[in-house]
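The same chain A turns up in both complexes below, where it pairs with chain B and then with chain C.
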Partner chain A sequence: MQQQSPAKKKKKIKVPRVVNGVDTLVEIEVDDDGSVAWGPNDKHALLNHRLPRVDGHVKVSGAAEYTHDRRPPGMLYGRVLRSPHAHARVLKVDASAARGIPGVKAVVASTDDPARKELVVLFAGQPVAAVAAETPEIAEDALRAIRVDYEVLPHLVRAEDSVKEGAPKVFADPKEPNVEPRDKRGDASKVAEALKGADVVVEAEYRTPIIHHSSLETHGNVVDYRGGEEATVYASTQGTFTIPGDAAQELGLKESAVRAVVEHMGGGFGSKFGIGVEGMLACQLSKQAKAPVHLMLTRKDEFLLAGNRSGSWQKFKAGATKDGTLVALHAVQYRLGGLGDGSQAGQPYIYAAANAYREGYSIHTHEDASRAMRAPGHPQASFAVESLMDELAYKLGMDAVEFRKKNLKDAVYHRQLDRGAREIGWGRRNKTPGAGAGPLKRGMGCGIGTWGGGGNDECKVDVTVARDGSVSVAVGTQDLGTGTRTYTRAIVAEELGLQIKDVAERIGDSRLGSANSSGGSTTAASLAPSVKDAAVKARLAVAERLSPLLGGAKPEEITFSNGGVSGGGKTLSWRQACAALPAAGVTGHGVWQTSLAGRGVHGVCFAEVEVDVETGRVRPIKMVHVQDIGLPLNRLAVESQMNGGMIQSLGMALWEGRVMDAKLGLQLNPGFGDYKLPGALEMPELVPLIDDEDTREAVIGVGEPSIIPAVGAVANAVHNACGVRVRELPITPDKILMGLLSERRGA
Partner chain B sequence: MADEHDVKSSRHQESPPDPSRRRFLKGVGIAGAGAAIADHLAQTAEAEATAARAEAAKLPTAGPLELALDVNGRRRAVSVEPRTTLLNALRNHLEPAVTGPKLVCDQGTCGACTVLLDGKPVYSCLVLAADAAGKKVTTVEGLGTPEQPNAVQAAFVEQDALMCGFCTPGFVTTVTAYLKKNPNPTLAEVREACKGNFCRCGTYPRVFEAALAAAKGTVSDK
Partner chain C sequence: MKAFEWVSPASVEEAVSLLKSAPASKDVDEAARPLAGGQDLLTTMKDYLTRPVRVVNLKGIRGLDRVEGDGKKGLRLGALVTLAQVEEHAGIRRDFPGLAEAAHSVATQQIRNLGTVGGNLCQRPRCWYYRLEEAVCIKKGGSECFAATGENKYNAIFGGGPSWIVHPSDLAPMLVALGASVNVSGPDGRRAIPLEKFFTLPSEGSIRRENVLKNDELITEVTVPASPFAARSTYLKFKERESLDFALSSVAAAVELGPDKRVRQARIVLGGVAPVPWRVPKAEEFLKGRALDAESLAGAARLALEGAEPLSQNAYKIPLTQTLVRRALAKAGGVSA
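After this line comes the complex of A and B, so read on.
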């Protein structure tokens, strides 16, 4: 029913460019080749509406089968033995007692392979052995029965310690220093010169700790291999197609002989690509036992060895002139990614500075390697620069929103800042930070973000219309909880003039058409265009068959709407129409269409908080997030994702952070009892606003942009409320009380 | 939430003997605490402890227990160890398994494993399977089906109160039990009722809306 609009000669499109290390968009004019189009965003029958998710009923009733829930016959339970030391040489693993426990079916140890070089564990939590047994209880007993002899080596778990002169080395390889230079851009001497001419200068240091993804379904797989030539791997993954190759290598099979299944998965947030060490161990155990192995990490495993969002340490010197122009910015940025490199967007993040210089480094520690986490590097950069912008604005005595607008060229930010300010009631904010009677102080703050996203030519989709009228759409992609299943169905239903319930989707299977991994908010922009293309092709194939029955109407002129097919002055019901199809039905094979995907978004967040200056406790009151995303495929799901972004930002701003014991080299809070996730009692009023003034008829992902600007907004709201500028996350009561104390002493 | 199950009601006279962790702990723990108790109490405590210890010694601490669990109205025979939790028994020892309740933290912090024990919400990772014998266990599967959801389940779908859905069985069970207790809650009361359940995707606001909609009976049937 979405008819193509007549081809125009020229059209304007936006293309990505990198400005100051940040993706941005530039509009250019190109030939309009009459390719597939979504049509205007406000003219859809299903898309851009509020669609309850199609897997909702199986999820609310416990019927949805997650990886964790798979129970192939004869399945064993796998468990991982972790190193208790942050840095140690494994001398000996004695698993003989474990093997002797009745019910233990397989044991693998890091020392099994005599050809392998000695194992030096580099973080507390690194696997040194694994077992598979008939019950989880027996598997746990087996872990306790394994004796490992370690030679403990000196460790480093704090960035400050790693950078010290004469510090022990994190890696044995001399080519891998504790501090690795990453990027350098700009002219430091020009910045120094410009700072001299600035009316106000702020010199400040901002820190964010390591954050945990905390997906409720832990990492893991159920490897169903019983010997022979084929295997099936049920995986909790963001990349169905990243699994077969990894598993095949461990199992010694051909990649095509391994099938990956991801029916439902319980969250990933960037941490679940590839089979992981836990999957490799599951394969080894399954191969040894010739039986299926269920190896899902425990929650403590998950904290210690399943990746994290890198921390950051950013040092600024920045200056502005009286009129609010940012004239100079000098930034030194450290990424704290443990054994990994970490990630961080370059400064000045989004804002324009007449003179800017930055240099970036990774500081390594004996902690598990960082992984991608929802907008890798952006919330860290955004928190720091938004705090800095605020500090400059207050020093100048300028309104924080006006100061930002002054340094943002892009009109979309201006429009979104105005809308957010209206929605939160910016005029009500504390004119002087910390002002007001009584111990409960309210304040407001704001922040901005950006994300590239975009789609890739990676999805192959089949839409099949059967002679009995049933319609199916099949592609191997995975639904992380973002609503992939729902929009996949909706696109096909809309194209064929049907309802959502008339279409069945099959996803999460590497035997189906290929699809990209869900990273960088690229799933929707890669998948939706391919689904649309397949649906259009299926529609035209059906229309071609019907043409003789509809007075010879041209296939492209036959319309599909409200469960009917019309042309040549006649209308057939869907069932009647499909009866004319061949026995095998017709299938449209869809591929990615550039014209249907977009990339590059903005996004602003405003937050209001209440600070109790007697206890230092922060209570979030309200958050507003304004987001442009082109064509929202499903408004309900988009808003849910925006809520999720705000809530996760809130966690990062106020509560979350890995705590390490420097002496022991161990994490002190590897569990939900001590790692504080946002909970029901802390929820503010959340207002997710889709910016419909973005009329791009293109699909753009929304997962990552919605987590970026809120962290700075909350931190700035805390300052506006009580006058304390907390430069190290999370903003816990102790930091606020210490800030108030030092203010009082200073005054 | 996750109320401590009632000690008295867990003492059943039928065999097999009740191997409750609480009674076992009582046997080994009270003697130590006895010293701090005033003299006239100490004697009683000591005597009680000796008796409890003797009784605890008779209880099995290893080896299989043959239990009959009442799960969603069906009698399910299961053989588990004394240490096996109810959650573990449901998910890993019943055949076919009952996997609606999720194992997420296994230490009573997240609520994803919430089930109803005689109608009261409990964290099934903190209840021994043996302690659930003789009680009615209701999991999310017992509250409704995809085809016939209860009012709370229908409201969760309608309000989009789920994303990845891994925490959802726990929330649905918690909210269903709460609305039985308080059919007309305020938003503040709903938040309080949900404080024992974690969600990482960030569905809280819509969980609250779903709970209020279910209470008001404004949810459409499908």
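After this line comes the complex of A and C, so read on.
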């Protein structure tokens, strides 16, 4: 989407007017020139520099306490019994044998509540019961001692099977068909007409499998409730404030009586909002046992019941004229989100087509519902359309970058394409796919993405300066591993002319100031403005107290820099200055400032790979990602986000994908052995480039945009290297070898 | 994992008697198990694929962790020798380079630090149907090999039926190529078994097992004879993911060259393509008396894959393995592929 600068802040003033012949004052809105501002991006003392992560040491040394590490005294271990059937009616759950195992302290079953409607499980992995025991091993043994009688029903785990005439129904409800229309836009007949006038037409289908979030820390909570009026829930969540309400409901407490703690959490990528079924079960177990329950999903649970990035199946017919103009594009887009709706950005995504038509559907299967995952729907759409653009360009015999520029209106993409091409050495690429002597072929490709981001008014931040000179910033927000702690400190330190080490942050606690959930790359753009506002207010409050000591200088004219406070021709050290504060110190309460956040970003990725055409191995050589982002709060963290985005894209392009057995209705790779995340040996040279030509003085999130364009870039590089166009991810050696074989047969 | 009895014998004899005296079990996967490095056994126990009533810890037995001998006298590897020891051993790297390469190709450094020679040979299949607790396949007492008509990209193209697993060991193809034997101790004493006879096809032995070892027997030692081809041995493993993976396909090759650079004898054993290490005698024969050049390498590669019977999703293993055969022979013979 287009770059958007912050809206100018408005203020209300009263002006005299004559209303009905009477002089009166009315309120009008004018631009507020005194808006809080970041100032030019290249004039910061700390922000927009490379700041090492403040929690880096405790994380790499193992000292950081994640939710998984919590061990309240008397704690029990919870485990979940999953349905082994993809579709079945639960007739009976008999947990008597499990309850008899020494060390088992609580068992909850889906059939406990006689008032509840019968349970029909809709995917293999759906929880049916849960156990809390003194050790995880006892809990696992107890799960297997629970006898469940199922009436097995027919299942569907493949989109192709689900759309078949006469296929069984995924949902019992007649209002929920297997295939649900989602969106429709454009005029199909105009597209068909325009295709007739095209010089080249490409008709192709692209598929992406279901992808797993694969967070380092699985979903889960440690629910510390021992009876009584209060509870603490340690949660691995993207939304500290989504926890107390959910937990309170399960525990039968008031929301305010439940405290959520998220000191450190091991990633979520969009899958961790609310307490989840695992949290509800943990609460029920804790309530029953009157003891804290540690219920973190096992890795296998995580694959089977903790959500996923929906798969996609996209069919195109597109045409271009000889000069490279995309004149027509017809797209049918299926989202494969299991029980969920899935997500997919609409085609032709970022491209301008003179005539475009699309229709979108969700195809349901008996698999756990998709959840948001880092830029929901975008990598799928980008991979497909970038492959399609490449196919058109090659068919026209046109340079793939030039073809893209021809069909992209936004100038930001043009400059980013130029920069990326320069960095990767686009001129060196294979002019003819598959050309070159020997079995090792090099190739390059590119891809493009967009994201919105933006912030909202949910964060309440306190910055407190104490009389001893210590400074703290407090807000309940969570750090997903993205570096929230570091920039929170840095903003305050810069405002007060201090160093990062001089500020302490307190986050991850629902007793602190409220904050938004981390979704849609909105955390930084929501939180940073509130922190800045609190820091400015704290600075002015300190300045007000110091004014008499600094020759009566106006508070807003007193400067804070290099650990000193100056005004009226005098300078005080920070310690001296703070000594003048009241015993309780001073606190600035910050709220969101629209003037400090922006939205709308562009990203371009280039990839170079080497393909061994005798084994099908793809070796990534180099990836370059160019990204606009407004004001980068911490360049090191932004680059780290971009590296992570490139790595996750690489996994999606070359290795990852859920594999289901159609007959059994089971996932065959619910673990890191067969669900293959890339490791250290798979890493190419990663070059994250912040597009500093974006001079917006505004904070914009970069978590999601950085995962979008690389998937298509890698796929296009593989084609450029070896001449095989793999249209179904992941691009594994078997597909390349069989592709080469069929090309040879065809030739 | 299911609760079990843990015993730590001090001698091989004691270990054998503890295996033998374990309470009888209904199912072969509940029988007592010896534990060496535990890198495979523990994963099968955690997934309830095996549920041994007793686990016999071998790590307290002295003398099973030694590497002895060299290229002239032959090599003796105690069953508890770790894969890390094998890959780092100077004599093995010099005289049996293929064996050091095979050990190095396994998993990760952490696993190789614990995983043992004996355990590597006795590890269970990686077939994802076998590894899935919910899928009761023919290897676990069910009646069907789900891979036969299911998702079989990683399964066998040789020797399949009624199960299409592939043997996961990297050491096994190389040791078979080098003519190794295993010494096995049981209640009736010791016996030596040529490794080639140790592994069993699903159509020959018990469908629930991958080798001839009985429940109360242990591998105590692997012996590798001195041979004129050991010094020209190599192991090429193709993994889908280089960082950590089992073989999609692998080739253990060893050649003896005459002064005229012609092949006197060759050993070619394929891994990752059959339920056992798959020796290809026709290709070995073909090379005798030939110089290793593009033509003979291609010929051997073609013959090595002759008779392959791919399933619906694994025909790619044929061209892939042909490449590996060519490259492995070229590397062993010191020529370019």
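Observations, loosely collected:
Definition applied: the second predicted complex is superposed on the first by the 715 of 747 C-alpha atoms of A that agree within 3 Å, B and C clash if a C-alpha of one lies under 4 Å from a C-alpha of the other, contacts with A are read in each partner's own complex, and residues count from 1 in each chain.
Note that in this section contacts are C-beta pairs under 8 Å (C-beta built on N, C-alpha and C of every residue); 3 or more make two chains touch, one makes a residue touch a chain.
Computed from a prediction, not measured in an experiment: that's the story for all the values here.
Superposition note: with chain A as the common reference, chain B and chain C are in steric clash.
After overlaying the two complexes on the shared chain, residue contacts for A:Lys287 are found with neither chain B nor chain C. Using the contact criterion defined above for the overlaid structures, shared-chain residue A:Arg335 touches neither chain B nor chain C, since it reaches no partner.
In the superposition on chain A, A:Gln648 makes contact with chain B only, not with chain C. Of the two partners chain B and chain C, more residues of chain A are touched by B. Once the two complexes are laid over each other on the shared chain, residue contacts for A:Ser215 go to chain B alone; chain C is not touched.
When the two structures are aligned on the shared chain, A:Glu65 is found in touch with chain B, with no touch to chain C.
Once chain A of one complex is fitted onto chain A of the other, the partner contacts of A:Ala637 are limited to chain B, with no touch recorded for chain C. When the two structures are aligned on the shared chain, A:Ala680 is found in touch with chain B and with chain C. Of the two partner chains placed by superposition, chain B and chain C are both touched by A:Glu137.
In the superposed pair of complexes, A:Arg485 makes contact with neither chain B nor chain C. The clashing stretch of chain B relative to chain C, chosen from 21-29, 93-101, 165-173 or 201-209, is 21-29 in the chain A superposition. Touching of chain A by both chain B and chain C, each in its own complex, is seen for residues 137, 671, 673, 678-681. Contacts from chain A toward chain B in the complex involve residues 52-53, 55-66, 68-69, 71, 77, 135-137, 213-218, 264-267, 269, 298-299, 480-483, 636-637, 639-641, 643-648, 671-673, 677-681, 683, 685-686.
Contact residues of chain C toward chain A in the complex are 1-3, 48, 126, 128-129, 131-132, 134-135, 146, 149-151, 153, 238, 240-245, 248, 313-316, 319-320, 323-324.
Across the interface of their complex, chain A is touched by residues 81, 83-84, 88, 91-93, 96-107, 109-110, 112, 139-141, 143-147, 149, 153, 156-158, 160, 162-169, 172, 191-192, 194-195, 197-208 of chain B. Every residue of chain A that touches chain C in the complex is listed here, in rising order: 84, 124, 137, 140-141, 144, 439, 614-617, 655, 659, 661-664, 666, 668-671, 673-674, 676, 678-682, 732-734, 737-738, 741.
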